[in-house]
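Labels run A, B, C, D, E and F following the written order; every chain starts at residue 1.
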Amino acid sequence: MPDIVSEFNDYRSKMNDTILADNNKVIKRIFNLDTNAYAEGALDVKTKELLGLVASTVLRCDDCIKYHMETCYKQGIPKEQVVEALSIATLVGGTIVIPHLRRAYEFWDALEQQR
Amino acid sequence: MPDIVSEFNDYRSKMNDTILADNNKVIKRIFNLDTNAYAEGALDVKTKELLGLVASTVLRCDDCIKYHMETCYKQGIPKEQVVEALSIATLVGGTIVIPHLRRAYEFWDALEQQR
Amino acid sequence: MPDIVSEFNDYRSKMNDTILADNNKVIKRIFNLDTNAYAEGALDVKTKELLGLVASTVLRCDDCIKYHMETCYKQGIPKEQVVEALSIATLVGGTIVIPHLRRAYEFWDALEQQR
Amino acid sequence: MPDIVSEFNDYRSKMNDTILADNNKVIKRIFNLDTNAYAEGALDVKTKELLGLVASTVLRCDDCIKYHMETCYKQGIPKEQVVEALSIATLVGGTIVIPHLRRAYEFWDALEQQR
Amino acid sequence: MPDIVSEFNDYRSKMNDTILADNNKVIKRIFNLDTNAYAEGALDVKTKELLGLVASTVLRCDDCIKYHMETCYKQGIPKEQVVEALSIATLVGGTIVIPHLRRAYEFWDALEQQR
Amino acid sequence: MPDIVSEFNDYRSKMNDTILADNNKVIKRIFNLDTNAYAEGALDVKTKELLGLVASTVLRCDDCIKYHMETCYKQGIPKEQVVEALSIATLVGGTIVIPHLRRAYEFWDALEQQR
């Protein structure tokens, strides 16, 4: 069985290294901001991860959905809350979001099986 | 030869079952609406399927395109009409739609070969 | 009372003249295609206008919606059919489409009052 | 001084009445879902409103942003939390979001002045 | 005659001040990056401004188009080159871009008249 | 090792033939325009290819990115310039562009290795 979680993470991690090694300042700072923006602040980390997940879902970016699902999972956010966030994204973004919902559910199952 | 039609339908059907079994009310109602909206009304089913196809194409959702192409095919809409709908979508949505047009043509061919 | 129909048409027509007078070949051909694509073909003009309306609505372009609503109106497409097309667009595109739906209804009313 | 808050709400409320009076079932159910989806569930109302705000912002819908900002404001969510949500939306959605950020700040100020 | 150039710049400048005064770190850094990214580098400033203009146009952001048109104008980029950039954006982004093209032409004329 | 460059080009070329053989006039003219728009004019070919690349990247179309990357590569545009164009696209389009940036870097490496 192909492990879609590590497949995603390996490619992501390998290509992030390639991009950062290339040393374009604007891109490096965007990567850097991407880490800072989700850190604890006026909002806690869990809420921020759900915000990132919903943003990724309505913009229909499978890789971004996977990334935030995994962080949600690691933060211990219950599936029910993740699914409610996805339901808002599906309502706001329309039925065009449904194919991404299918892959999101599949990825969450893979995260749970990976334990 | 991999059968792209049944590959698409099997995954779609399996994951829809998973999603619906999860029992989130908002998502279930959106799925339900998705069935009702394309039923005969002031507009006939064929016109509605073409509307769904064009919406899916300008929003560049391959899975949604495949779904509506198959329904168009089953409704007996001639290829020429489907292609005219796609041509409007390509004009409105721009050349960015062309890669989806390639996969749409491939899928239609697979639908015809499947008979 | 400001007439939103002629306000839209006057600006559109004035700026189209400016653009076409500028003589950029690519832009002129796209304008030209825009006329041809909606002409009678394998699909009739009414169906094509509804396709253009749905494409414009899911892509959330108010001016494009207004243009196609007026053409639908002039083609004698009943309001019930136009609204069914808009309902499909709202379902596919999500609640994010609703503000455009408000302006679409307002424009249709203005078209009817204009008679 | 034009009051952008009541201007928005009056138009929104007037046109929602017009749309709902038109009795299209699909549209009415989407409106209905839009109310249910943000009700207390596995996630609380405040979190859901922030999710709706971020979805609206990355999809760049000014009216949807205004609607969720007002609900956030009425729910007593502090400005700092609303701004953090907007900052995530700006990072995910890019600088293309900035013009909407300007109008969001202006609307929040109007909400505060309205008291 | 309302001056659409200074109207745009005044609002933009006033709200940017409001946003920056609010001191959200992520937003401030994105604003900062926005300045750095268009500075002379491997590509010259003129090419970068045209890239910014095309990105803004295919993403259909009127305010972003105005901003980059003004910078293009101040950099002395000839109208013919600006229009060729816009023609590529219209082809890639589709006829949905045309309403933004109208406003872009109007804004360029206003920039020329302002001298 | 699968060659992602020829895999992309073979499929693209095969399906373009299928589409053009189908003889829909609107689609054929759009394909035709797609060739003309990038030809030398007021802007040189290299600048136009970078414009096409940035448009493709902010609209998040992997196949369009690949196509323009290959043309950039064949035109001898240095990697540093291509990356600066991509950095502007990532800033304008947001972190949602990053997964496409990964695949863009991978494709550029494949283009270089192919020599």
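In this text, a residue touches a chain if its C-beta (ideal position, glycine included) is under 8 Å from a C-beta of that chain, and two chains touch if they have at least 3 such contacts.
By chain, UniProt protein names: A, B, C, D, E, F = Carboxymuconolactone decarboxylase family protein.
Because the structure is a prediction, the values reported are computed rather than measured.
Student: Chains shared as neighbours by subunit E and subunit F?
Tutor: Neighbours common to subunit E and subunit F are A, B, C, D.
Student: Which pair wins on C-beta contacts, A-C or D-E?
Tutor: Pair with more contacting C-beta pairs, A-C versus D-E: D-E.
Student: Rounded to the nearest 5 degrees, how far is subunit B rotated relative to subunit E when their C-alpha atoms are superposed?
Tutor: 180
Student: Could the interface between the copies subunit C and subunit D be described as same, meaning over half of its residue numbers are common to both, or is it different?
Tutor: Comparing the two copies, subunit C and subunit D contact each other through largely different residue numbers, since under half are shared.
Student: How big is the gap, in whole Å, between where the Cα atoms of subunit C centre and where those of subunit E centre?
Tutor: 26
Student: Subunit D to subunit F: how many Å between their CA centres?
Tutor: Chain centroid spacing, subunit D to subunit F, equals 37 Å.
Student: Taking each chain's centre as its mean C-alpha position, how far apart are subunit B and subunit C in Å?
Tutor: So the centroids are 23 Å from each other.
Student: Identify all positions of subunit B at which a residue touches two or more other chains, and write them in rising order.
Tutor: 26, 30, 33-34, 37, 55-56, 58-59, 64, 83-84, 87-88, 90-93, 95-96, in rising order.
Student: Quick one: which bits of subunit D touch subunit F in the complex? Just the residue numbers, please.
Tutor: Residues in contact with subunit F: 58, 90-97.
Student: Touching subunit D in the complex: which residues of subunit B?
Tutor: Those in contact with subunit D are residues 25-26, 29-30, 33, 36-37.
Student: Per the contact definition, I'd like the list of subunit E residues that touch subunit D in the complex.
Tutor: Touching subunit D from subunit E are residues 11-12, 15-16, 18-19, 22, 24, 26-27, 30-31, 34, 55-56, 59, 61-64.
Student: Which positions of subunit E touch subunit F when the two form their complex?
Tutor: My answer: residues 30, 33-34, 37-38, 41-43, 47-48, 50-52, 54-56, 58-59, 64, 78, 80-81, 83-85, 87-89, 91-93.
Student: Enumerate the contact residues on subunit D facing subunit E in the complex.
Tutor: 60, 83-84, 86-88, 90-91, 95-96, 98-99, 101-103, 105-106, 109
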